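Naming follows writing order (A, B, C, D and E), and every chain is counted from residue 1.
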């Protein structure tokens, strides 16, 4: 049995004790080096898509009536994040949360913007779940989105913006935010579908007797994955619910129906996760039963073999003794009579075990 | 042990990430091809029952005072669903929910109609639980009902409408909706009765020692079924409760007593499900105990046989040795004395095991 | 191991799907055929006790100031129940609940009466718990009580009414209802006392090693009984609490103290049930441990016997070989030396097992 | 294994069904026969301590401004309790609760007094937990306390009253009640400390391998004790909280800080109980593991002994056969070669088991 | 297996029953003898840091506008604590809580100050978790902090005060309190990180088969540690939440964002603890499975060895008998034929076990 678990990335939970609050320390994967700033500025009638080199270039969008979506990929250059924070007047604690990628999903309401942290989930090439943090700041006419690395689930939204498909171009920033969150949540369904399949595979293997030795390792890993996904997804329900309930002026009433729709999806995902959790705990019970059943089978073979042949061997031993006077040894057919007796005993024991249903 | 589980239908959870919200994608069984539109228009004094070919034909019912029930079987033709949506002014997200048959039971309140999704449960020919989604839209003078396929639990209601039996013809659309939901909920009782019987059968088998090898598979399937039924039924409680509490103008006060009655039934069903759930978890414990008891029995047989015959065989072995000088071998009655000693040992060990209650 | 469980009475949960709501279908034991109507009409100064043949005869009590208790035994004749319903103006759903004896304990508040369903528990001759449904309707100056069969826990109350003992004759219908419910609840204590004794007996048996084979059957039956009792009793807490809190005009403030007293008793009963539940789950764990300990003991005997005699037999086998040249066989005291060596080995192994505490 | 559990005292839960409410039935230990009435009357400046023979003697304290504490030991003489009840105008249900010593901890608010029931816990000489019921009635200028038997935890309070130590003499009856409850609650700490030590002892025994056979009995007893203590203590939290929240005119605002302090202590006790509960459930798991580990060890010894000597015995058996022509038997060194081979097999198997880490 | 658990320090829960409330009894480690009083007095423009010999020396700070932080290390000298209490007008119960180091984390609101107790966690040299109590009193322009011993997590804050780094010097006492609590909470992350690593190490050991005998001891210790940490940390959430919600005049609105940040961190820590708890319970299941699997392996070896050689030995025994007439013994090649048969039986059994996958 070889070591199979991938080297885990130790989580750098947070800044060290006592550091000035609002100190920006990037805790994510340092290999994502470059920052990429992408901007969409649109209204019903026009759209301009640009790759900015500097956040200053976004200034011109600020005072217009059009909706602006600025998407930042890569959080390792603290300075530029601070720069963006200044530009959009974000609280230092908000910036700290953006770059601290072990942040729990949360919502913070500030006077002129709404700040959200959530988790984007996907499977990497090795079938491990990757959890990437995405933060959103929703302002009156803008949405800022911050991701750890390039590559996301928003391509369909970019396309809808460009083509003007659907309602998105005609509505405000609150609808854009909805569309972005909705894309993240929709992706959760594929995650839990994969989890469900993994559990069913384990179950089938167990039932068909392909009980691999390392099945308990796989079960433990699956439990860990489910706990990870749970922790990433469950807090989001509360967040969406708060948007739905809390009458924040930035979210218009007509958009609430859409947020409620996300909420319904999240409940559905959560229910599935809890069902999977119950199934996998129950799987371990099954496995224990399977092991015990196997041991029972092994013991039966041992018992049957021993119970049949040990008494017979004893009988043979009796007539292998060297006493000078053992009358049976002299009988002409002594040997054959004994063989006959042994055969009858053999049959008798077989019958006994048959009746006990051990055979 | 052969593969017994029926091929599961992978659930197509939802539209793919990023799709325009309100995109209608039918996720149910594609084999239900045809759409069938059935209409009842009635008041205290008259009733007209028609099979419509086109939803346009229902227009005439719209502005009358009579109550109209339009029942649609078959959700695969997106276009016609959209058509109906337009006619009755349904929100795009409502239409999305109608055709997305993995939807969780829910209620959405809109200004001029109430939208409900719930689950109709029945056993198919192979004794598998089938979950069919039914959606209702309750308007001022109409109820729309959407089902995945033909065949439902509403026949008794159709009959009551035709014959004018009971209160139904004299009351409004809110009472019709109640009657429809009540029919669905009544059917849950037969489902849980069957579940209960299955559990009792398993229990009896276990107690009587017919411990089939695949009993743990059956237990696991039953757990899965219970989780499935739970997920289909439990959210409905909250929904009915909300109708009962939330003073929606479409539901008259005099009908609330009836909705409360449904609520009571749902609580009763839920309690039963939770009891079954506890029973089945407890069954696995019983099963483990049974296995361990059996192993104990097997071990006792082995131990008794070995403990009796191994020492005796040793004794026989002693006198099978070829030493030139073994005095006992020369004794006239050596053989018989030894046989006697062996018999006493045999009796002694029998007595020992008897006293230990292993025999 | 014989089949021991009594034939269970399949519960006829409810009317069939789609039936007209308010359809009266008696779901209890059909053997209780006759209806018996008993009436008490009293105030501080007089009391009249009658056995009515017809509910019409109760009319005269209706408009007087005195309190009337009408007790109906036997619910199988639907017609007469309907008759009573008409007389006292009961809602059709109320009548449905009265005759549907699988109803969950509940309270429904109507404008001029309060309707309660609860469960009377007792052990039958075979020590099985019987659950009989009792329904009450509390009006301004009357209490109706409906029971499945004759025989109840109200005899002491009848006596108090006749003799005028205690406060009962001087107070209103709300106090009479309290007295009736209190009698039912008091009886719960004897039920849980019996349950408690059964659990203690099982525990003692287990600890003293009388581990009967069917102990797990008894445990399972006890679990089932506890779940049954729980389901019958627990909802009542909520009901009494609602009487206590909800200021229903029919229940006077001075009586509330008494209802609160019932509530306290119910909490006490509930706590005991939950403790028994925990004890019995824990009993199964004990049982598993006991089985494992026994198996350990069995294995030790086997191991000791085998480990001692198998090597000795081998030694004997060595000198039973027929090689032409085995020098030891020629030695004068070869046999005695070998016997000595075997004896030392025997002692050595005994000592080894002693030190391991297996002996 | 002898019967160790002390004969349990069957709890006489309550009056028999149907008895007049407010009927006083003493359910405690009938051996506490005598009633003892102790009185303290005090204010800032004076204190008078008396042993009353009759409750009438307390009359003189009633209308003064001083605080009176009347402590009654022994509840078996119903008549005297009734007498006291009359004197202080206590509700019949209150008196019923005082003498029903299986009462759950509770608080009842009456117009001019506050009634509390709580449980005093201590270990008796045999290290069994004894639960004694103490009831308090708090009036404007008096506190009544009722105990089942003499001997309590209030001696320090009596001393403080006599010496005027602390605030107690200068404050009102609400502070006296606080001091009494505080004394009861402080004593809980020593109970849970003992419980904690018992659990640690069991744990240590288990870890060091002194696994006594009756360890599961001890665990079961400990569980039972914890459940008992839990039931006695947990409801008190709610009670103290209600005093703290509910602005009862008899409890002055300045005393609330003290009641909050009791509440904090109760939370601390509760948390400890729950931790012990979790520890003890976990102990059973440990125990199962220990048993299984031991069985493993036993099986290894058996397997090693059998696997080594059974094949060797077979070899010896081969050359013990009496075939006329077995060439090896004629060889000069046949015997020695065979012994050598057997020794090599022996070493080989030893090495095999060593590598498997079974040795 | 040696005793490994460190000698536990018996917790001296509280003062003895009946003691005057507000009696100061130090329950911590008596070896911390000296008291050390450290003071910081600062505002935006200046800072003065002093080591006081007497609390009187702090008097001068009292009526100024500047913020004063007085940190007391060492709680064993009751008199000096009482002195400080008098100076700052602290309630006797507050002083009792300060020196009672087994206090649960709590918050008490008084008219002119806020009192908090919380727990500082760290690992000592032997990798045992140490829980040190820290109490805070927040006044209008001061923060008092009380610690059991010297050495804390506040050095970074002292540094920030001295250098004027960050916002701290410009804000009020409520921000200072936030900074102190934040430092304590930040340190929790390192605690749970270590816990997480310990669990992962255990898991890896288990999976790779290094199943040390004392693994269940380590698991039990880890469970205990997790329960300890849980108890120290979980109540703090409620406390911070109450500061956040309860509009205490001493905490300014602009600081609330910071307290909310602490709250988020605490939720994150709590979630991790609960996940670890679930992981470790699940670990025990894994361990049981591992043990059972090992036993299965042992049994297989035994069964294979016995099943192969016991029948063969029987065969050899047959031909070792001394009957005068056993025809086979006379055959020229009888021996070789038998050896051949035995070899075939051997192969047959090997094949049988191979097919059963036991080999």
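The rule we apply is simple: contacts are C-beta pairs under 8 Å (C-beta built on N, C-alpha and C of every residue); 3 or more make two chains touch, one makes a residue touch a chain.
Just so we're clear, the structure is a prediction, and the values are computed from it rather than from any experiment.
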Given chain D and chain E, the chains that contact each of them: none
Length of the line joining the C-alpha centres of chain A and chain D, rounded to whole Å: 42
Gap in Å, rounded to a whole number, between the CA centres of chain B and chain A: 26
Numbers and ranges of chain A residues touching at least 2 other chains: 288, 292, 295, 299, 302, 306, 310, 313, 317, 320-322, 326
Chain contact graph, described as a line, ring, star, complete graph or other shape: ring
Chain order, ring traversed from chain A with chain B following: A, B, C, D, E
Contact footprint of chain D on chain C as seen in their complex: 153-157, 159-160, 165-168, 178-179, 182-184, 186-187, 189-190, 192-193, 197, 200, 203-204, 207-209, 257-258, 260-261, 264-265, 267-268, 271, 275, 278-279, 282, 285-286, 288-290, 292-293, 295-296, 299-300, 302-303, 306-307, 310-311, 313-314, 317-318, 320-326, 358
Residues of chain C defined as touching chain B within the complex: 1, 3, 5, 8, 10-11, 13-22, 91, 93, 102-104, 106, 108, 213-214, 216-217, 220, 223-224, 227, 231, 284, 287-288, 291-292, 294-295, 298-299, 301-302, 305-306, 309-310, 312-313, 316-317, 319-322, 326, 328-335, 338-339
